[in-house]
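Read from first to last, the chains carry the letters A, B and C; within each, the first residue is number 1.
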Amino acid sequence: MDSFYLSLLVFSPLLGIILLAFMPKGNEKGLKMLGVLATLPATVLALVAYFSYLGGTSLDSFSEQARWIQFGSFGAMDPNLFTVRYELGIDGFALLMIVLTSILATLAAIASFHIKKEWKGYFMLFLLLEIGMLGVFTAQNLILFFIFFEITLIPMFFLIGKWGYFDKEKAAYSFLIYNGLGSAILLIVIMVLFAKTGTTNIEALKILVNSPEQVLTPISDSLKMGLFIALLIAFGVKLPIFPLHSWMLRVHVEAPPSIVMLHSGILLKIGAFGLIRFGMGIFPEEFQELSVLIAVLGVVNLLYGAFLAFIQTDFKMVLAYSSISHMGIVLIGLGAYNEAGVQGAIFQVVSHGLISALLFFLVSVMYERLQTTHIANLGGLAKGMPLASGFLLAGAMASLGLPGMSGFVSEFMAFLGLFREMPVLAAVGTLGIIMTAVYLLRAVLAITYGKSDREYAGITDIRSFEWAPVLVLIGLIILIGVYPAVLSQPLETIVQGIGG
Amino acid sequence: MENAWLIPLFPLLSFLALLLFGKRLKEASAYVGILLTLASLVFSVIVLVGRLTGATYKLEADWLQIGDLQLTVGFEVNQLNALMLVIVSLVSFLVHTYSKGYMHGDQRFPVFYAYLGLFTFAMLGLVLSPNLLQTYIFWELVGVGSFLLIGFYFNKESAKAAAKKAFIMTRIGDVGLFIGMILLFWQTGSFEYDEIFASVHAGEVSGTMITLTAILIFIGAVGKSGQFPLHTWLPDAMEGPTPVSALIHAATMVAAGVYLVATMFPLFAASETAMSTVAIVGAVTAIFAATIGLTQTDIKRVLAYSTVSQLGYMMLALGAAGYAAGVFHLMTHAFFKALLFLAAGSVIHAVHTQDIEKMGGLWKKLSFTAPLFLIGTLAISGVPLFSGFFSKDEILIAAWANGNYILFWLAVIAAFFTAFYMFRLFFMVFSGKARSEMKNVHESPVSMTGPMIVLGILAVVSGYVNTPWFGTFLGDWLVEGNEALGHGHIEGPAWIMIVATVVSLAGIYLAYLMYSKRSISRDWFTSRAPTLYSIVVNKYFIDEIYQTTIVYATKAISLFLRFIEMFLVNGLVQLVTGIVRGLGKTGAKLQNGQIQTYGTVAFLGLAVLLLIFALTGGYLNG
Amino acid sequence: MSGVPVSAYLALALILFCIGLYGALTKKNTIIVLISIELMLNAVNINLITFSKLGMAPAITGQIFAIFVIAVAAAEVAVGIAILLSLYRNRKTVNIDDMNQLKN
C-alpha cells in the first residue's frame, strides 16, 4: 500500500533542481546535460510502471497516502471528515499521461539545447514545471490536484516571460490572467464540494455526489449543474474551448518552442484530463445532459481553428490554431459520451501531445537556423534541409489524421462515437477533416516545397542531439497508429460502460 | 494463400530499406525495389493460381478494442483481389524496372524508389483488406504515396500545387467514404465486408440507409478515381514523373475507386438509386473527359483525360450491373494504359518535351516505342482483336441490357471520341515531320523497352480471357459462388459489337484524315464553333469555377472568422483584462493611507456580517 | 447590589464603546483618537467584569483579563504618546489626515 513509488516519480526532478542550484552559472554544457539527466529518473520510473502494469501489476498497488491537514475537529464523528490527505494514485488514463509527460519532458529538455541564455534558472523552472505536471496526474484529491495545478502556472509564467520572443511579457501576463481566473473558478468548485461533503477525495466524491435522493450529501441538482458548468469553464480555459482560447495563441507564438512542446503537449491536456476525471467522474449525469453542448463546442472548435489556421502567415500561428482545432476532437469525443467517443478523446489527448511536440520541435530546429517562422520567408526548405522537411511533412500527415499514425485512430474513434449519437453534427464536423488537410498542406508545402530564394549553404540539416526527439516522437506516433492496443489496454476499465 | 499477407510487406521493406540506406546505395536502390516487387509478383501469381482452384481465404487478428467492440485487421483472398494483386504487383514491378532507365541521373533516385515502395505497399494492402476500416486506412496511405510522387519534383511550383490539389480533392471524397463507413458500422455492427453484406441481405438496414451509405462510399470512389466533379486533380497529377503516372494515375490507384465499388457491389446492388447514380456519373464522366481529351496538346494530359474517361466506363459498367464487365475493363485498361504511359515516357525521355505540337515524325526514330504505342492506342480505341475491344464491348452490352439507352449512346459517342483523340495523339507524335528542332533523339534503354514489351503483349492477349467467342472465363470465375454479383457474361444483341467496331474505326479514320493525310483542316471544327471550342479547351472552366466558388468561400469564411476573432474574442480578452485592471485600480484607490477610513470600512464590514448573522441565524440557505 | 440589572452594565459599556468608536473614526486630533481608543478598551473591560461577576458561569478569569487589558492599554498609551510626540516634533501637526505615510 505504502510504496513511495509515485512520490519518488513525481518529485524526482527535485534532485535535479537541488543539484542545479550548486552549479556555476556559466557552465552551459554542464547545466544542459544536468537538465536532461534530471528528467530521466521520472521517465524511467514511468516506463517501469507502464510495463509492470502490462505485466499484470495492479494500478492500485501504486497508490499511497499519508495524513496531512485536518480542518476542524470532526475526528470523533469520522476521522475522514474534513481531512485532506497527501494521497497519490493512478488509473489507466493517468498512467498514460505520466508516461507521456515524462517522455515529453525529457525530449523538451533536449530541445532546450536551443535556449540561448540563463540556462540555470531555465532548467530549474523547467524541472519545477515537470513536478507540477506529474503531480497533477497523480493527485487523488482535489486540493492536492489544485496545488500541483498552481505549481505548473508559476514556472510557466516565468519561462514564457523571460525566455520567450518579442511580445513575451504580454503573453506571460495573459497566460497568468486567464489561467488564474480558471483556477479561481476551480478553487470555488473544490471548496463548495469540500464544504458540502467533507472530503476532496475523488473516489469518495464520485460516490457521495451521486448518491440517489441526496441521501449522503446535501447537494441539490441545480447546484450540481452549476458546479459542473463552473468546472467546464475552468478546464475550458485550459483546453482551450472557443472563445476562451486567445491566451493560448500568444503562448504558442511567444514562448520558446521547447516550452511550447510541453505546453501544447501536456498542459493543454490537463483541461481534458480534468474534464474526464472530474467532470465525467463526479458529475456523470450533468455531463450527459450537457453532452450535446459539449459536442457542439467541439465542432465549433474544430472548424473555427481550422478556418483560422488557413489564413495565418506565421507557421507557429498555424500550429496554434491547429491545436485549438484538434482539441475540438477531444470535445467531440467527450460530447459523444459513449465508449468509442471517450476512448477517442483520450487517444487524441495522447496523440496530439506527441504530434504537436514533434511539430514544435521542428519549429525550434527551423528557427534556430533561419531565424524566422513566417511562411513567406521560408519556402523550398526541402532543398536545404531535406530531412527536417521530410519530418515536417510526416508530422503534418500525422496531424491531419493519416492512417498508420496516431492522429487517425483518435479522430476515427471520436467521430465513430459522435456518429452514433448525433450523426448530423458529426457530418458537419467531418468538414474539419478536409479543412485540416487544406490548412496543413498549405502551410507545410509552402515551407518545404516550391522555389527557394534562400541560400542554404552552411545550413545544417537535423544534427546530433536533434535526432532523439524526432525519432522518438515519430516512432511513438507510428507505434500508436499501427498498434493502438498500447493505449487502449490501460483504458479498458475507464471506458467500459460509459454511456451504456 | 496463407502467406498472402507477405505480399504487401516486400514493398514496405523496400521503402524502409531505401529510406535508411538509400543515400549509400545510390542508383543501386533500383535493384532493391525491383527484386522486392518481383517477390511480391511471384507471391501474387502463386496466390492467384491457388485461388483459381481453391476457395476464399480469410484471416483476422484483433486490432483495437473499444469497450465491447472489437475491431480487427486481417486479409482476405477472393477472386477480385487475387486478380488485383497480380495486376498491381505486375504493373508495379514493370514500373520499377522501367524507372531504372527513366530516372537515371536524378539526384533523388533512391527517394523515388522508396516512395514507389510505399505506394505499392499501400496499394497491395488496400487490395487485401477484408473490411472497410482497413480499406480506408490503406486508401489514405495510397493517397499519400500518390501525393509524394506527384510532388516529387518539388522545386516546381506547379508540382507543389498539383500534389496539394490531388491530396485535398481526394480527401474530399475520402470524407464521404469515412462517413459512409461509420454509418454502415452503426447500422450493421461491423466493418467486415461479409457481415455488412449479410446484414444488408437479411434486410436489417433500411432502404434509405443503404442508398445513403452507398452514395457516400461512392463519393470516396469518385474522389480517388477522378470521376466528375472531383476529376480535376488527375490531369494535374501528370506533374509527377511519367512512370508514376503509369503506375498510380493509370493502372492502380485511380482504379481503386472502381475496385471499391466492385468490392461493395452487393451493397450498391441493393439500392436502385445508388446503382443509377454510379452509372450516370460514370457515363457523364466518360463523355465529358473524352471531349476535353480532344483538345489537349500535352501528351500526358491527353492520356490523363483518357484515363478519366475510361474510369467512367468502368463505373458505368458497375452501375449497369455489369460487375464482370467493369472488373474486366479495369484489368485490360491497367495494361494498355500503363503501356501508353510508359511509351509516352519513352517519347518524353527521347525528345524532352511533352507538347505534341512540337513533336512529329518519330515513327522511324523510335523503332521500339512507336509500335508499342500503336498497340496501346489500338487497344484503347477498341479495335477488334485487341484487349480493349472485348472489355469495352462487355460494358456496352451491360449498359444496353440494363435498359439505360441514353447512357449506352453516351458511351458509344465517347468511344468514338476516344478513338479519335487517341489517334490524333498518335499521328501528331509519330507521323509527318518534326515540328520543332529535336536533337539527340534516341531509343530508350532495355530497362525501359523491356517492361513496355511485356505490357504490349498483355495489352493484346489479356482480352482473350473473357470473350464472347472463346468463352468468358474471367467473368464466370469472378462471380462464382456469389449471386449478388450478377452474371459473368451478359448476353446482348450482336449489332452492339458491330456498332462499337464501326465507331472506333470511324474515329481512327477521321483522325487519319485530319492529322496524317491532312485532307480535312485541323481548324475545321474550331473555326466553326469557337465558343464551344474555347469552353472545351479550358476544360469546361471547372477549375475556375472551383477557384471562384469553393476556394473563395473558404477564404471568406476564414476572414469572417478572423473578424470574429479580432472583435468578439479579443473583445472578450479586453473585457477580462479590463475587469482585472479595473478591480486593481479600485482596490488601489481604497488604499488612501487614512487609518480612519480603513477603520470605518472594517467596522461597516463587521456590521454587515453581524446583520446577516442576526437575520439568517448563520445558515445562508437555511 | 442586585438592584442594578446586567443590562445596565452592558448598556453603559455599549454607549462607551460607541462613543469611543465614533471618536476614533472621526476625530482629527490624534490625541483625541488615542483617548477614544482607551474609551473602547474600557468599555470592553466593563463587559468583562460584568460577565465575570454576573454572567452565566461567574469566574475570576474575566477580572484577570480586565487587569491584563488595563496593563496592555497603559503600555500602549505610553508607546502611542511617544510616537505621537516624535511625530509632532517632526511634522508639527497632530492632525490625523496628514499622517498617510503608509500609502507611499
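Some points to look at:
By our rule, a residue touches a chain if its C-beta (ideal position, glycine included) is under 8 Å from a C-beta of that chain, and two chains touch if they have at least 3 such contacts.
Just so we're clear, the structure is a prediction, and the values are computed from it rather than from any experiment.
Taken as a contact graph, the chains are arranged in an open line, each linked only to its neighbours along the path. When each chain is reduced to the mean of its CA atoms, the one lying nearest the mean of all protein CA atoms is A.
Centre-to-centre separation between chain A and chain B, using Cα means, comes to 37 Å. Between the Cα centres of chain A and chain C there is a gap of 58 Å. Chain B and chain C, compared by their mean Cα positions, are separated by 93 Å. The part of chain B that touches chain A in the complex is made up of residues 62-69, 133, 136-141, 144, 151, 154-155, 157, 159-160, 163-164, 167-168, 171-172, 175, 178-179, 182-183, 185-186, 554-555, 557-559, 561-562, 565, 568-570, 572-573, 576-577, 580.
Residues 174, 177-178, 181, 242-247, 304, 307-308, 310-311, 338-340, 343, 380, 382-383, 397, 402-404, 408-409, 412-413, 415-416, 419-420, 423, 426-427, 430-431, 433-435, 437-438, 441-442, 445, 448-451, 483-485, 488-489, 492, 495-498 of chain A are the ones touching chain B in the complex.
Residue ranges on chain C touching chain B, taken from their complex, read 21, 24-26, 33, 96-97, 99-104. Note for the complex: chain B touches chain C at residues 591-596, 599-600, 603.
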